Amino acid sequence: MELTKQQKQEIADQQSQNNQTKRVTSPELEKILYQAIPILDHGFIRVVDYMGDDTSVVQAARVSYGKGTKKVSTDEGLIRYLMRHWHSTPFEMCEIKYHVKLPIFIARQWIRHRTANVNEYSARYSILDKEFYIPTSDHLAAQSSNNRQGRGEVLNGDQAKEVLNILKDDAERTYKNYETMLNEKFDGSVIDENKNGLARELARMNLTLNSYTQWYWKTDLLNLMNFLFLRADKHAQYEIRVYAEAMLDTLKKWVPITHAAFLDYRIGAAHVSAKGLNVIKSFMNGKSLNHETSGLSKREWNELMDVLGKQDLII
Amino acid sequence: MELTKQQKQEIADQQSQNNQTKRVTSPELEKILYQAIPILDHGFIRVVDYMGDDTSVVQAARVSYGKGTKKVSTDEGLIRYLMRHWHSTPFEMCEIKYHVKLPIFIARQWIRHRTANVNEYSARYSILDKEFYIPTSDHLAAQSSNNRQGRGEVLNGDQAKEVLNILKDDAERTYKNYETMLNEKFDGSVIDENKNGLARELARMNLTLNSYTQWYWKTDLLNLMNFLFLRADKHAQYEIRVYAEAMLDTLKKWVPITHAAFLDYRIGAAHVSAKGLNVIKSFMNGKSLNHETSGLSKREWNELMDVLGKQDLII
Amino acid sequence: MELTKQQKQEIADQQSQNNQTKRVTSPELEKILYQAIPILDHGFIRVVDYMGDDTSVVQAARVSYGKGTKKVSTDEGLIRYLMRHWHSTPFEMCEIKYHVKLPIFIARQWIRHRTANVNEYSARYSILDKEFYIPTSDHLAAQSSNNRQGRGEVLNGDQAKEVLNILKDDAERTYKNYETMLNEKFDGSVIDENKNGLARELARMNLTLNSYTQWYWKTDLLNLMNFLFLRADKHAQYEIRVYAEAMLDTLKKWVPITHAAFLDYRIGAAHVSAKGLNVIKSFMNGKSLNHETSGLSKREWNELMDVLGKQDLII
Amino acid sequence: MELTKQQKQEIADQQSQNNQTKRVTSPELEKILYQAIPILDHGFIRVVDYMGDDTSVVQAARVSYGKGTKKVSTDEGLIRYLMRHWHSTPFEMCEIKYHVKLPIFIARQWIRHRTANVNEYSARYSILDKEFYIPTSDHLAAQSSNNRQGRGEVLNGDQAKEVLNILKDDAERTYKNYETMLNEKFDGSVIDENKNGLARELARMNLTLNSYTQWYWKTDLLNLMNFLFLRADKHAQYEIRVYAEAMLDTLKKWVPITHAAFLDYRIGAAHVSAKGLNVIKSFMNGKSLNHETSGLSKREWNELMDVLGKQDLII
């Protein structure tokens, strides 16, 4: 990621602010506020605002439960209790806003999380930057043969080279033709003074889905965790997972107690079905059910054995 | 409204915070942060946190517009443009959190605004305060004879006195019986050591709807304005309108430019139907349509004449 | 629950409809459409409309995955796969609408589920029915001594009698005073022709929280299951759980395959934290961790032992 | 739009259903249920399910109002009243589901309407159809010179031809390269048996934004009207407006009374600011304010004169 001189100056200006406030602050998050954290080849995330911290979760819970929370002696104990018992509303009392630069095909996945506020750079109004996502060759994986939404082995060198050439050539050609149709270059200079340019809202349709866009994305702490739970997961597409992982770091700086509880009760936890529970009980009683007698499908059986660390029982 | 000594101490503690932040701040709002603004006889609102200010709206819009905004020279011009053309998403980029104490029958109206985060004091866990809303006699209005959701004239003295007696007696009696069933007084003292108390989640059902509850209520700037548009309106019930009016003051302190645009384009604006537009055009062309030829119902006609300041044409 | 003659007639009229449609239908649900299923002493639920069935979930998933779903041979297999992997959007493609009559203190819990459409009977416009929830004596439980939101033992006979008397007396008195203030009886007859009645929007504040209200409540299949997961749970308050249980029956009639998957993967499933998983693995390897070495709090340990059927290890 | 033989068969099968139901039906909508209405060159909309009709709006409002509605004698009067006074919740009681095929750059606009349920064809799982939107030459407009989000004159013949050639060539080349990278043709045939194909979730990034995608899109009547208000507007981009206009026709078939009220109070209505109202009042009193004395910006003044049919006063 290369920021322009102007962008660097804007970020420096934002970071040099030193305001007084009676609001709660999150000191670790303040340290990285506005900073652009590079993701992929041209993307980034920046935390540009936030509201509340761990104590805001506690404060909201104590309003709900009133005198009933006296018994839970520590903030940490209370936050862990809330997380464990799916008491979700106190986590909605904190809010965070990111500025994100990301490829359009990833933006299309991301936007499916509806409980968030979004302002996206509009290619109806403005010319998109001349930047496209081109994967590194170690991320050029083949289609998985047994999982329709997954990746298999990395492509061999020759094929990887061919793929990279295609991606680069097509992105550059379509962008150049985008400029031709607009009759305007990405830097704003007019190509032919005697011609009109095609409307921006039309010309953009020629761009490829790896073009970068950017947006402001704001959500509350609960919905941020819902997003991270799905997108920091190993089954998520690599290109969105790297964003989620960087955001997981900002979560830790912002609300460290909530972050620790989130790792224990969500990211590292397992959801076991009624039938799966029967298998576990049987194992614990020394009467090992096998796949046939478990009532589980082969796939479910293997998923459960994986969760239980019984790799030898995967069939 | 009487705050307890403990509440006053908590507010003083919150107000004495003096933190450094790189976030934008709203200086006028900071001045009243955490302060309890009295509403009705025992209620209040307090702003307890916020995120963003007028510049956050502009910043979000400029991401939308990128380089395209050069022509809109000022922040004020842009905010007014956004408001006028119903570009709603930039206003979602600011967030505010209130602590509100309010009668339950008003809380039931309020909660119908779904796009907000709420943590309410739970009467399953804790004993509700011994506080009920009793209107002043000048708000004891009769049922309107021509508007099923409105109020008519104020009740005469004797009847008002009778109503106030009923409201006070019934609230006090049901609360006393609530304590009896709980076997516990509002101050936490046990009534009869040899008895169990009824579960709180059951005993609360004996309370009247004018009992006070409290909650944290958090929403974004757009949805706050949607709430205020409906609830600060003259047709809103008086007991919720006084909350909305106090919140309108906090809006002005928080985002003064947005507040001014909101008054011009929403609160003070009029929505005119296609048929109503025809009436206006006819008036302006000197060919006054009357009610019969307008195609409007009597009620619509009168509403339009009222908006146009033509009280003499109301039929 | 006693329906009025007029209500019975309206239900009979609705049920006698026999329309032709090209839409998918759910034959078992059609059988009970519009029928009032009694809940508590005066409440009910009625399914009054629906859209889609199990095949609609499948159809939506097949649009998402396109040719990718060919391998999953059966509708049941696909629905179970979706449920297991938290693929939530296909379940949003079905919609259901209930007419519900319920006590106000339960309506206040229910409304916290925001992703639903609601039209409630308005006591600003109309007079509320003269009906209050009075529990049967076997549901008059004492406050739990170890769980602030739970119930303990049933109250003894004398105390139960006292509580029931209070609840009945207070509900009847406050309702009678409600009529007095309105200057109108629940049947619409005016009490004193020479008096005005207090505005309905004010008089209602004198009613107790066990008064019955009613509403139309519409939601999609996903959010219905979210509601049922929380409210059909044994920790939910009895008075809302009975509604959830009746709705669970309607779920079974409507979408039997989804219902079965819901029981297996949600209602009967367990969520095990990272630390809890370590305990299970240790048990399965014959090296039983105990509470001290597990890193779990006492409460978490006991919850886990309960899920695993190890009642003897509860401490 | 060309449907495949298989698609035609599926539609015929769906249309041949003839089920009995006790639910309300909308006879005019039933006539076109499942039918593909062509939009643009390869797109379509199809209504594939619905719930409720005009009477469902009335029914929900009467629950809200209970006995209070006697004065509103007709369903039409009530629906018009609700629309005029922004009583939105009764319109949420109806639901509709569309199957839509549309270009990706339009899908990206459409998805910004968050209050809807969506299942989109996934290019992570499946190969996208070989179909791209290519405008007809009379829609190839130049960028507007005075409105950054608008279109100006149509491009002249030579330039239009050049643009069309670019759009076709680039779409075809990038699609061909998509197949090459996948090592699989759009018809499912493998290109080179000795090679792996690039993962679908990666290969898709090479496609241009005018590629067609498809989804199921479900929303309630209120949010459908919100969508149509913005997208059937003359300022909406042509390529989404044609979808909105076709949906407006389905609205008329589904809920004719609501549709008529929507045209009068929304589509054909005007929103006039406080300052704009002063201008109208001054005109009606014969003291014409001009732009300078009005306090309106030039743009606002012109918008108002346009609404009032005073084209001669536009400056």
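Points to keep in mind about this one:
Note that the chains take the letters A, B, C and D in the order they are written out, and that residue 1 is the start of every chain.
Definition applied: a residue touches a chain if its C-beta (ideal position, glycine included) is under 8 Å from a C-beta of that chain, and two chains touch if they have at least 3 such contacts.
Every value quoted in this text rests on a predicted model; they were computed, and no experiment measured them.
Common neighbours of subunit C and subunit D, by the contact definition above: A, B. More contacting C-beta pairs link the chains of A-D than the other of the two pairs A-D and A-C.
As a whole-number value, the distance joining the C-alpha centres of subunit A and subunit D reads 29 Å. Centroids of subunit A and subunit B (each the mean of its C-alpha atoms) stand 35 Å apart. For this pair, subunit A with subunit C, the centres built from the Cα atoms lie 34 Å apart. Across the assembly, subunit D contributes residues 65, 68, 89, 112, 118, 122, 125-126, 148 that each touch 2 or more other chains.
If you draw each protein chain as a dot and join the dots that touch, every dot ends up joined to every other dot. Per the touch definition, subunit D reaches subunit B in the complex via residues 65, 68, 71, 77, 80, 84, 86, 89, 112, 148, 230, 263-265, 267-277, 280-281, 283-284, 297, 300, 307-310.
Put simply, subunit D touches subunit C in their complex at residues 14-15, 17-25, 30, 33-34, 49-52, 56, 59-61, 63-69, 89-90, 92-93, 95, 97, 99, 117-122, 125-127, 188, 214-216, 218, 220.
Chain contact summary for the complex, subunit C toward subunit B: residues 103-105, 107-108, 111-112, 114, 118, 122, 124-125, 133, 135, 139-144, 148-153, 155, 159, 162-163, 166-167, 170-171, 173-174, 177, 180-182, 195-202, 204-210, 237.
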